[in-house]
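After this come two complexes, each holding chain A, first together with chain B and then together with chain C.
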Partner chain A sequence: MQAWIEFGQGPLFRLCFVLMILGLIRIFILTIIGMVEALNRNTDKIVPYRDLIQKTLMWLFPIKHLWTKRPFYGLISVLFHVGLLIVPLFLAAHVLMWKNSVGFAWFSIPRGLADWLTIIVIVTGIVLFLMRASSKAGRALSRKQDYIWPLLLVVPFITGYICSNSAIGPAAYQLMMMVHVYSANLIMLMIPFTKIAHCILVPLSQLVTAISWKFPAGAGDMVIETLGYKEYPTWVKKPRLETPVELKVKEEINAE
Partner chain B sequence: MQIKVITGEEREKAFACPKPPEVIDKQKLPVRYHVEDFDVKDRPQRFLEAFAAILKHTNYRLALDHYIRVSAKCSRCTTNCQVYLATGDDDDIPCKRSELLLSVYRRHFTIAGVLKGRLTGNIGLTDEHIQEIADSFWNCTACRRCILECPMGIDHGMITHLGRYILSEIGITPRALVVSTREQLLGATGNTSAIPVPALIDTLEFLSEDMEEEKGIEIPFPIDQEGAEYLFLPAVSDFMMEADTLMGNAAVFRATGDSWTVGTGYYDGINYGLFYSDHVLEKVLLKIKAEAERLKIKKILIGECGHASRSAKFFYPAYCGGKNALPVINILEYTHQVWKEGRLKLDPNVITERVTYHDPCNIARPGWIVDQPRELLKAFCRDYVEMTPSGRDNICCGGGGGTVSIDEIRPYRTAIGGKAKAEQIRATGAKYCVAPCANCKKQLKELMEDNNVDCEIVGLHDLLYKAIIFEGAKNPVNEEEKVQDK
Partner chain C sequence: MNRIYTFKTILWTILGFGAAVGTARFIYGLGVTTNLSDSVPWGLWIGFDVMGGVALAAGGFILTATVYIFRLEKFHGIVRPAVLTAFLGYIAVAVGLLFDLGLPWNIWHMIIFWNPHSPLFEVGWCVMLYLTVLLLEFFPIPAEEFSKLNKLRNFLLKLRLPLVIAGIALSTLHQSSLGSLFLIMPYNVHPLWYSPILPVLFFISAITLGLMMVSFESKFTSWLYRRETETDLLAKLCSAARWVFLIYIIVRFGDLAFRGQLGHLGGGEWQVVMFWVEIAITALIPVILLSIPKIRIAPVWQWIIPMMSIFGIVLNRINVGGLVHINRGNTLYLPSLTEITISASVVAGAALVFLYMVERYKIWEKRPADPNTDPTKIPEFDFASRTSLGTPEVALRTKYSLAFILAAAVGFALLSTENLSSAGTESSPAKEARGWETMWIDGDLDGEGTAFPHAKHIDNNGKEKSCVLCHHMNLPLDNSSQCSACHRDMYLLSDAFGHDRHASASGAGLKCFDCHKKDLTKNADTAKPCKDCHGDLVAEGSTITVENYRTIGYVESMHRLCIGCHSQKADSLEKPDLPRCANCHKEKRTIISPDAGVHPHQYGAEKDNVIFPIVSYNSEQPPDTTNTGSAVENSR
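Our next item is the complex of A and B:
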């Protein structure tokens, strides 16, 4: 089992990590290309950057926004995200691993803080899941991945906490470690292909929306040309279907 | 904002279908608005063709790709949608409504979706799904309040706009809007209310005489003045229904002396394209451009109308020359500017009743016109109160997104769409509710009537007209003095 763990921590981790990074870079660049294409197509290229940066920052750091509507949900959600970002990157054991596998590393956070953050992630993750499952609107909106993600995300946190904090036997430890490593790898692998892609795309949201609202000139004409309408399509011209009266007139003309 | 979910009885009334069942059967379209007859055959295929054509020539793919990737289904938008808060129906959650279209995009226009569809034997878009979209997308008032609450930055208003655009290309659009647009783009009068030029001139002359009588000073409506600074384009219905607003507009220009004109070539600010079709949006704006060029105008001035202002301000540069396009301003901006410069004098003792202000979504949501009308109102209304919430976070009147023009869904608009607004206005206890938007005015008037709220809906310039002071003219009579005289 030890060999499996080492494989998961070593080559497999590097593979998953690289795939995650490449996947995220891919969608990020695709979005940027989309924006450049859209701006090239548009006549109106004026983008209110200041306003957009302000809006983006407001959502990236929703300190002011948090308390206006659904404050409890907002608080839980923010705590969840904070722990989720900090622990994998700055836990001492992880920093060591980063150094071993990617070649460089950074500072680490104290053990006590990391433990608290881990507990916060576990609790808030489960609360988020329960909130989704217990609210009518949440259930109406949710897809499979929306239920799976919060639960999947807390798995490495639970196992990691157990491994570092409880006195369990070596076999149990290895099992926990195994789950920890492989679940984390699975998460990394899935990030670019699921809604967690928002981790890299959200800073672009406001800009994407603003650019998409700028419509290219002449598009309407080209659309109806592509669709094969002559000049104006149905919403202006008389409809294609003929009324009974028109049909009767036509029949009379034909009869003559 | 907390509002009660409608009762079963109210729901029945609001969702009652005004159309005979045989029409619904024939058109295979169980929606509550009237639609002109159009091919029912192969509708899913035609929908997808139209979708593909639109994606090919526009920038919607950028937004859709982004939205399907980031959408986290967090349900925060439920707190902001006045339709959902009133009905409590899951289908009215903004994110769920958008998913109707996003799922079609995902299934038919992404590689992963197509592959998954093949593997799982998913047949893709069905006619039932189109019927659902046609019903749902016209229940939304396109007020875009949900975007204020979306952490992912998804603009559900844009998706509603796109969905309606695709529907319009396969012939599913409320008849009321199509008929108006047809008259505007292809008809003899060239405007949505079918007002011919002689009638327009008559009306304006009549209003001028009226004002001279009241104010003792000549207040003209300049017509076809070449080289004027401003081309004035109100919602054309104002010429018939909102004479007071127009008189206020003219009075402001009389006081400042700036040159402005109404053009007989084109005098309609209304642009239903914003609600259902980019093509119409462009064609109407090009008509404005042609008229501005004919009269050698320097700036385009839109009257008290929310959607006309937004469609001109934000889309005129897109269709008419980008950076070089003529500047577009709203009459509220203009009036506020001249008042700040001290060129407009207002009597603070005329309007003594309680006044409140309703923000039209189209001008308030982008944060464009929020403070200007408030500063003006506070300057001449003694008892001004705010609604909560207001400004950028305002609640829609319930008739946004063109739904106000669909007369057959009035019960829906006043019982569901406008429920929150009616409560809000009732809570202020105001005598006047200022709504500087032709659509909001019509909707709010019906809303007050159907919900038994005692409040008069006016435009900002209606009140301003009463309070404006002309030097060397009869000044408005102080209401208190009038009472004392009696």
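Our next item is the complex of A and C:
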């Protein structure tokens, strides 16, 4: 079992970690390229940048925004995120591992704080899952990964807390450690390919929405054509789009 | 079109591995990521990336010369890809060099700190200038697409002829100078490869390689994009290459014959086998095959012959660059996987840029069309996620980047822990020379050495400028120069008489017939003996007789005279230790006075009685250093 743990902390960790970092960079770059292309394609090129920056900053700290509607959810969510980011990065044991493997390290947080943050993450993670599962609207909006993620994210925290705080036998300890290492690797592996990619896409999300929800003139026709219909099916109300481009084309046809 | 997608995915994957290994190389240094060592400092990267890369890119200057100077317009269709290949090839060389240089951030040093004695300096400058020339030659092609650049483009087109000429001159210079690099190591390169005309051989083979590379690349991209091959054009190219091959063979074997090294060809060493394999696939087989017109136009052979020849010449570069070096500390060098990955990814990167350029700009007469970009094409759905990946452009972007990051992650995972736990680049600052006052030099560590007044040498030879006089002479198999490198007369016979000094007005001012007799031939035998004038030349009771006017070197004379006499006296005085070295060389491994180099006997006091060590000695024979003292005894 020790060999498996070492494999998880060595080559497998490198694989997952590099994949996470490069995958996040990749998705960031791809999003930006896609945005630039969409902007070039759009006839309406106006982007309200100032408004978007304000919105982005507001959603980074959503307590105030959520306070009026869902204060409990806002608080829980922020607590969950804070613990989730701080504990893995600044736990003394993790920092020491970086120091030993790559030769450089950064500051670490005190043990007590780490323990409290861990408990907070575990509790809030489970609460978030229950909130999603218990609400009808939440269930309607959720995909499979939305249920899986809060639980999966909590697993390494639970096992990590057990490993560092309770006196368990060596066999149980190794088992816990193995679950800890492998679940963390699995999380890193999946981050850039699932919704957790929002960790790097947050600054872009508002921008993407603003830019890409502008359909080019005649987009509906293209959709209908792509779906294989010769003309608009009866269940589709033909949109009356009179965009500047369409008008211009019409004028040209009339002129001829 | 699937071919090109698959090929690009493979290239991106290689690039991903290269990114992982390259990062490790720059973080952890060359030592842990390569099989290079102090005794094998030049390996695959120099042999393949730099020397092979420069030669592979030779097609650029050959085809520009053919089309723009010799006005062979029929080759016009392949001149643009050739220039692009050359341009990218040289960039690849520069990138490959960055990986290989221990301190890559110092690459600009050659621009400012000139060392005009070094062929590498010339290569560096030529590559830099030729890269500029290639950029200026290539730039008009992408500039076609931008109307804003029209003025610049027209200006560059006017400059084309001078640029082409400059390109030819620079290529000739550095293609051959890469060979000159190895002229410095006649003792290292195997005699089958080492030749004073290595530069010429490199140049000729670069021409053949350039031609072969152009045909291979044309053939390969045609296959990739399913476009029509220029079979006739390639046949003409191969037909021209045949003569260059022939010249190469003649020069190569002629050189071997002239140097008298043909005897090496019969041996059974692996180097000999390597030589035959190399020359066969480089030139012998191609020249035979290309002489047959049917084969020249056969598509299959148009694949095989260039590939064979390219492989052969690159092998030649790798061989000269290090594989067949002897005296390499007896360590077998095989490039590590990481080195191969870096080389492959540099090539992959260049290939990707090439393909991008070909698709984006008018490199060929007809740009390759991608059927997937047809707007009427129904979009495909990804089999895994069952979603549309979007337009082909977006879908390909998604796939290629995924291939890249997956390969990079796997690459990092596969790097050995030894690589990753290295302490990183260890800085080894240049230390100031210790330059002790007196050093004990005992090269063979037998306990018998000599005290070397180091400080005195520095003072006498121009202070700090004096270091290079001894320390950077780079004599084969030698780390620092021997005393005799400067003190050439140390062991040499010299003229003890000084005829000119006797004859000159400022010297003794003697006339010819003061010493020579009128009717006899004027030589030493017929002249007046020394002691007629120099009555005190040979001291009373000396055991030494004057026989001719040669003196042995001062080290020898000191040893022979003293040890000779001492060993003679040892018996009669019954002191067997009398001729022992330690009697004189007492100051072993101790710092002794600055006068240590001077003869321990009071030389000056007996100056009047000084005895010219004129002994019976045949000047044809080399000085006998093994049996000191015997010459004196024989002379009696």
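One rule holds in what follows: the second predicted complex is superposed on the first by the 196 of 256 C-alpha atoms of A that agree within 3 Å, B and C clash if a C-alpha of one lies under 4 Å from a C-alpha of the other, contacts with A are read in each partner's own complex, and residues count from 1 in each chain.
In this section, contacts are C-beta pairs under 8 Å (C-beta built on N, C-alpha and C of every residue); 3 or more make two chains touch, one makes a residue touch a chain.
Bear in mind that the values here come from a model prediction, so they are computed numbers and not experimental data.
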Superposed model, chain A: greater residue contact from chain B or chain C: B
Figure out whether A:Leu85 sits in contact with chain B (first) or chain C (second), or with both, or with neither. neither
Now for A:Tyr73: first (chain B), second (chain C), both, or neither, which partner does it touch? first
Per the contact definition in the header, classify A:Pro11: touching chain B only (first), chain C only (second), both, or neither. second
Would you sort A:Gly34 into first (chain B), second (chain C), both or neither based on which partner it touches? both
Looking at A:Ala219, would you say it contacts chain B, chain C, both, or neither? Reply first, second, both or neither. first
Just chain B (first), just chain C (second), both, or neither: which does A:Thr43 touch? first
By the touch definition above, which chain A residues appear in both interfaces, chain B in one complex and chain C in the other? 30, 34, 37, 226
Quick one: in the complex, what on chain C touches chain A? 20, 378-379, 394, 397-398, 401-402, 404-406, 408-410, 412-415, 417, 420-421, 423-424
Sort out for me which residues of chain A touch chain B in the complex. 27, 30-31, 34-35, 37-38, 41-46, 51, 55-56, 59, 62, 69-70, 73, 77, 132, 135-138, 140-143, 146, 195, 197-198, 201-202, 204-206, 208-209, 211-224, 226-227, 232-237, 239-241, 243
Tell me, which parts of chain B touch chain A in their complex? 36-39, 49-50, 53-54, 56-63, 65-66, 69-76, 78-80, 90, 93, 95-96, 99, 147, 149, 151-155, 158, 168-171, 173, 178, 181-182, 185-186, 276-283, 314-315, 317-319, 321-323, 325, 367
Looking at the complex, which residues from chain A come into contact with chain C? 10-12, 14-16, 18-19, 22-23, 26, 29-30, 33-34, 37, 101-103, 226
